[in-house]
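Two complexes are shown next, each including chain A; its partner changes from chain B in the first to chain C in the second.
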Partner chain A sequence: MPPSILLLLPALALSAVVFLAPFVWLASTSFRTQAEGSLLLADGLSFDNYVRLFADPFFLEVLLRTLAYSAITTILSLIVALPVARFIVTRAGRLKGILLALMLVPLVSGALLPSLGMLHLMGPLGVVNGAARLMGLPTVKLLGTPTGILIGLVQSFLPLMVLPLVNTLARLPTDLEQAAASLGAPAIAIWRRVILPLAMPGVVAGSVLVFCATFTSFVTPQVLGQGHIATFGTVAYQQAGQVLDWPFASALAMVALAMIGLLQAAIAIGSRLIRRQEAL
Partner chain B sequence: MSDNRLSRAAAACLAATMLVTAGLPAVAEDFKGKTLVVGTWGGDIERLLRQNAAEPLEKETGAKVEFVLGGSGDRMARIYAEKANPTMDVAFVNIYEAPQALKDGMVEAPDPNAPYFKDVWDGMNNGCYAMSLVGLGIAYNKKLVSKPPEWADMWKPEFKGKIALSSYPGSEGDGVLGVAARLAGKDEHDPDAAFGKLKELTPIAMTYTNLDEIFAMMDAGEVAMAPMISGYVLAALKTHPDIGFSFPKEPGPVLVRDMLCLVKNSPEPELAKKFAALALGVKNQTDYAEQLYFGPTNKNVKLSSAVSADVIDTPDEVKGLLQLDWPYVISQRASWTQRWNKEILGQ
Partner chain C sequence: MKDYLHIEDVTKRFGETDVLKGISLTIPKGDFVALLGPSGCGKSTLLKIISGLETETAGRIRLAGEWLAGVPAFRRDIGVVFQSYALFPHLSVAENVRFGLDMRRMGRAEADERVREALDLVKLDGLGDRMPRQLSGGQQQRVAIARALAIRPRLLLLDEPLSNLDAILRKSVRVDLRELHARVGATTVMVTHDQEEAMSMADKVAVMHDGAIEQWGSPEDIYERPATAFIGTFVGNPPASLVTARRHLSGGWSVGESAWSPDPALAERLDRVRNLEVRLGLRAERLDLVEHDAPGAFAAELTSSEYLGGERLLHFLVEGHRVAVAHAGAVPAIGAVVGLRPRAADVMLFDINTGLRIDTQ
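Let's look at the complex of A and B:
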């Protein structure tokens, strides 16, 4: 055994205890059930929770809704993040550090505080509708609607898109853009044919992060959806924290994990295919 | 040389410590270095428990009291997960969780010989010890609803779309189902009647999870009425002059109780019992009533007539309340949650 493995052992052991063991527990709980009239786990393993999950159209609807929110949030984040990242890389100059730090704030402050802030921005007496009322404009219902949730999700997870993009864009050699410009390419063509293809690794990394974060998010849909709109996160919370059906909640979590695993696999295979094509 | 000086200093230190500890009363020795872990709700409840139970207990025994804050669902998850090796000694849960926890062997059965058992009104220590009494009534916007509403008023056409409900499952939601079933001439054992009647209130204005949220929407005129549990709501009304609270009569408010549980095989059973005696004691329960509008379960609590008017504090008052068949309600939890998701919230 090479000595480097020995050096890794303490970290591996720690990961096994704090990460792997709970995960194995979660996975095994998802195959258990609660005995009739009891919250205790009954003996024996079964697929009951998974059967129930896939047999009830309600959960399929929730799954599709959550997937749709994740896709829309990813696309909106990408549209907002590209110019922001480009600005930070090319124009921000000395402000770059400060801008990046500001981008990080929502990430490190947890999901609850920004969501509560958004609650007051979007409420019927909040900043948006309050200003609209003052100006005699019609008000918009944002809380408890998909629009409100999507605004909150994009706000929460935008940094996950901006940071990888800044990382990739900063490494693009400026010569390429100048060369394209000197050959007469208009700005749009430079973006489409030079910058975007080269920024693809950042786009993919950011998209995966935002998609997964949205798919598993709980606080933002719970707070901004006002209990109207069920997503995978809110349903798992309801089952675990309120119904106290821990095995079923575990099965929901396992399905969410499997979806994310499938997505990662698809992206890994996709990018390998693209690389192979480029090599040809 | 320096070694010598060090050891002499250490010896002096040790001697001083021994002198100091010898001076303390003997009881303090018993629980010194022990920690009692209490799981409860944060905010005012934690503040009163700290002041009336934890601090006197720490002073009396020399032990430390550690609070773990969260919802009762968190505590149920914890005591079930730790059943082989509990780390929590006292857990506060709600009316329907206590009998379940007792049935599953997670908590000690209430001890009829304990003095704090006898101080509680007869028949209330179901599953665990009864801590406080509250009732599900109706919070309402005084500008939209002219007089304290009855349950049936929520179904009036002018309030369509302006009724808010709490998240489900929970005591509020079960209470509303019980009321809806009775308005339909049945009771909670007929879920079709309950859900059919409640469905007439949809689309509901919002699902609330905390008071600030619902009161902001009520002040904005987006919500006219919401079934809510007395207690905090009454305390919060002081800062919301346009919101009122009604205890309806047909049927009466739905009885809800907070319960104090002693976790089975917990590390500090003796400290837990001492804590229970203080928490269920007259001082704490009086403060609960005066500050939080939580009705006392302790027979010896004497409230001023002003406070007594706002809280449920006598067995006679309890008789006027609607009591649900909680064991049955719990047995229906999973299927009712699905029905609620689809029929009440359904998009």
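Let's look at the complex of A and C:
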């Protein structure tokens, strides 16, 4: 072992204390139970929490709903992000740096601020409904509805889709599009046959990021759902913070983690298969 | 069709810069034409405008009787071979060639046949299943050509087709492209900065300089009768050397500080020049090495010598002007002063102010 590895020790020690140890504690807690009416952990390990999670239709519904929100948010983000990323790469010119910095703002400002902003936009007296009322149009209920949550989720996590897409699109030689055009491809065919297939790495990276971020999101569904709509994040929070059932909350967290792990593994295997096929 | 491709007063302006300053060109069907010029002369922009990938600021273009204004690139039926080849990296060789046919919604059997035929034409039969990155540079280029030819284009545009190939391959591809053109007969416009490529491959050459066509003619025209001093010093290997000669009030001539007495035939041509000064364009293979005080010669100091196999290229200084001479005989010592005698009929005369060739013959 080269002595330079020793230089990693401080960082490894810090990670072990602040990340690994709580994780191990979380994992082990998920196999514990609380006695009726007690907050103390009972002795012994069991799968009770997991059995309850998958047996109770409520939690199963929450799981499926969260998966559906994640999938829809991912697809919507992709639809919105592709033209944005393309614009930043091909047309923005000197504005490119500014636009990328603006894209980063919602990422670095945390989840709460944008959600509170969305609250003002989508509330019954907010900008959207206020404008609708002024124009004599019917108002729409957005807060506390899936639509409102999805709008908020797309808004929060759009940068996670745009940034990887900008990265891959910027690496596409413009020659390829020109070649396609000269061979008779109109813009739509250029997108479908050239840009999208070659942007796949960015699409996959962005989709994984948005999907995982959505699946584990808590603030956005909590604030914009107004407590009416339960997702994985809000239920875990309720169990840990209000019901004080830490073992069950831990089990929820472990399931979320397992979902993300499965997704990552599926994509890793999938892309390796594709690469092997291409190499043939 | 004598005016198959007709370019009329095409200009292109990027912001404040005039990249093309009124280009007019008429190319007959089946010709192989080169746009030759140094980088930045606007030749690639002209190619892009013909293909529709760039829009002209003013002027118009007609191809096979159809005005192209407003016709988008994808409806022009113009095959383009890009300098980078621009092969689709995610598609196999055959899929690359088939791309344009798919866009035309050609039936499977017919497209298969076309793809096979196009790959045959560029001698890549059997490599259809390979991916572009598995091919050598030369093979990639041939895929790009097959892909452009598969759509049976009305016009084939080649953008610096040889610049990404190594020197040895370049010479053989030059011949291959010529032979391919003879077989296919597609009207072809090639952009190149390499005068040797343009001269050896094209039926006709448009020499471009600074956004304008300086000369349009056969390679022989351009070599023997360059329209301007710029062309003389751009074309040829090595290009022509320029020497400034001045007329004295007494009627004699000098080069720099030294008196020069041109031979009678040349003196007669020089006498028809109106200015006091004139630029002499000298071809390396048309200068004789003589004694430094021989009649009709100017004194020159040998500065270096390159062995080219069979002959040498000698570099002289003539009163501050660099002059190259192709020479097969004994080589003087570096630093020696000898005489260079131009052959009267072979000296090109250029106007000292405009650079235009003065036709005195």
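FYI, the second predicted complex is superposed on the first by the 278 of 280 C-alpha atoms of A that agree within 3 Å, B and C clash if a C-alpha of one lies under 4 Å from a C-alpha of the other, contacts with A are read in each partner's own complex, and residues count from 1 in each chain.
Criterion: a contact is a pair of C-beta atoms (placed from the backbone, for glycine too) under 8 Å apart; a residue touches a chain by one contact, two chains touch by 3 or more.
A quick note: this is a predicted structure, and the numbers were derived from the prediction, not measured.
Once the two complexes are overlaid through chain A, chain B and chain C fit side by side, free of any clash as defined at the top of the document.
By the touch criterion stated above, A:56 is placed in contact with chain B alone, chain C being left untouched.
Vertex at the C-alpha centre of chain A, arms toward the centres of chain B and chain C: the angle is 150 degrees, rounded to a multiple of 10.
By the touch criterion defined above, A:71 reaches neither chain B nor chain C. By the touch criterion defined above, A:244 lies against chain B but remains apart from chain C after alignment on the C-alpha atoms of chain A. Of the two partners chain B and chain C, more chain A residues are in touch with B. In the superposed model, A:257 lies in contact with neither chain B nor chain C. By the touch criterion stated above, A:125 is placed in contact with chain B alone, chain C being left untouched. When the shared chain is aligned, chain C comes close enough to touch A:197, but chain B does not.
Once chain A of one complex is fitted onto chain A of the other, the partner contacts of A:185 are limited to chain C, with no touch recorded for chain B. With chain A fitted onto itself, chain B and chain C come no nearer than 46 Å, counting C-alpha atoms only. Shared contact residues on chain A (touching chain B in one structure, chain C in the other): none found. By the touch criterion stated above, chain C contacts chain A in their complex at residues 51-53, 72-80, 82, 84, 86-90, 99-100, 102-104, 131, 147-148, 151. Across the complex, chain B meets chain A through its residues 71, 73-74, 76-77, 80, 83, 97, 100, 103-104, 167-170, 206-209, 213, 216-217, 219-222, 331, 333-334, 337-338, 341-342, 345, 347. Across the complex, chain A meets chain C through its residues 173, 175-176, 178-186, 189, 193-194, 197-198, 278.
Residues of chain A that touch chain B in their complex: 37-40, 56, 58, 119, 123-125, 143-144, 222, 226-230, 235, 238-246, 248.
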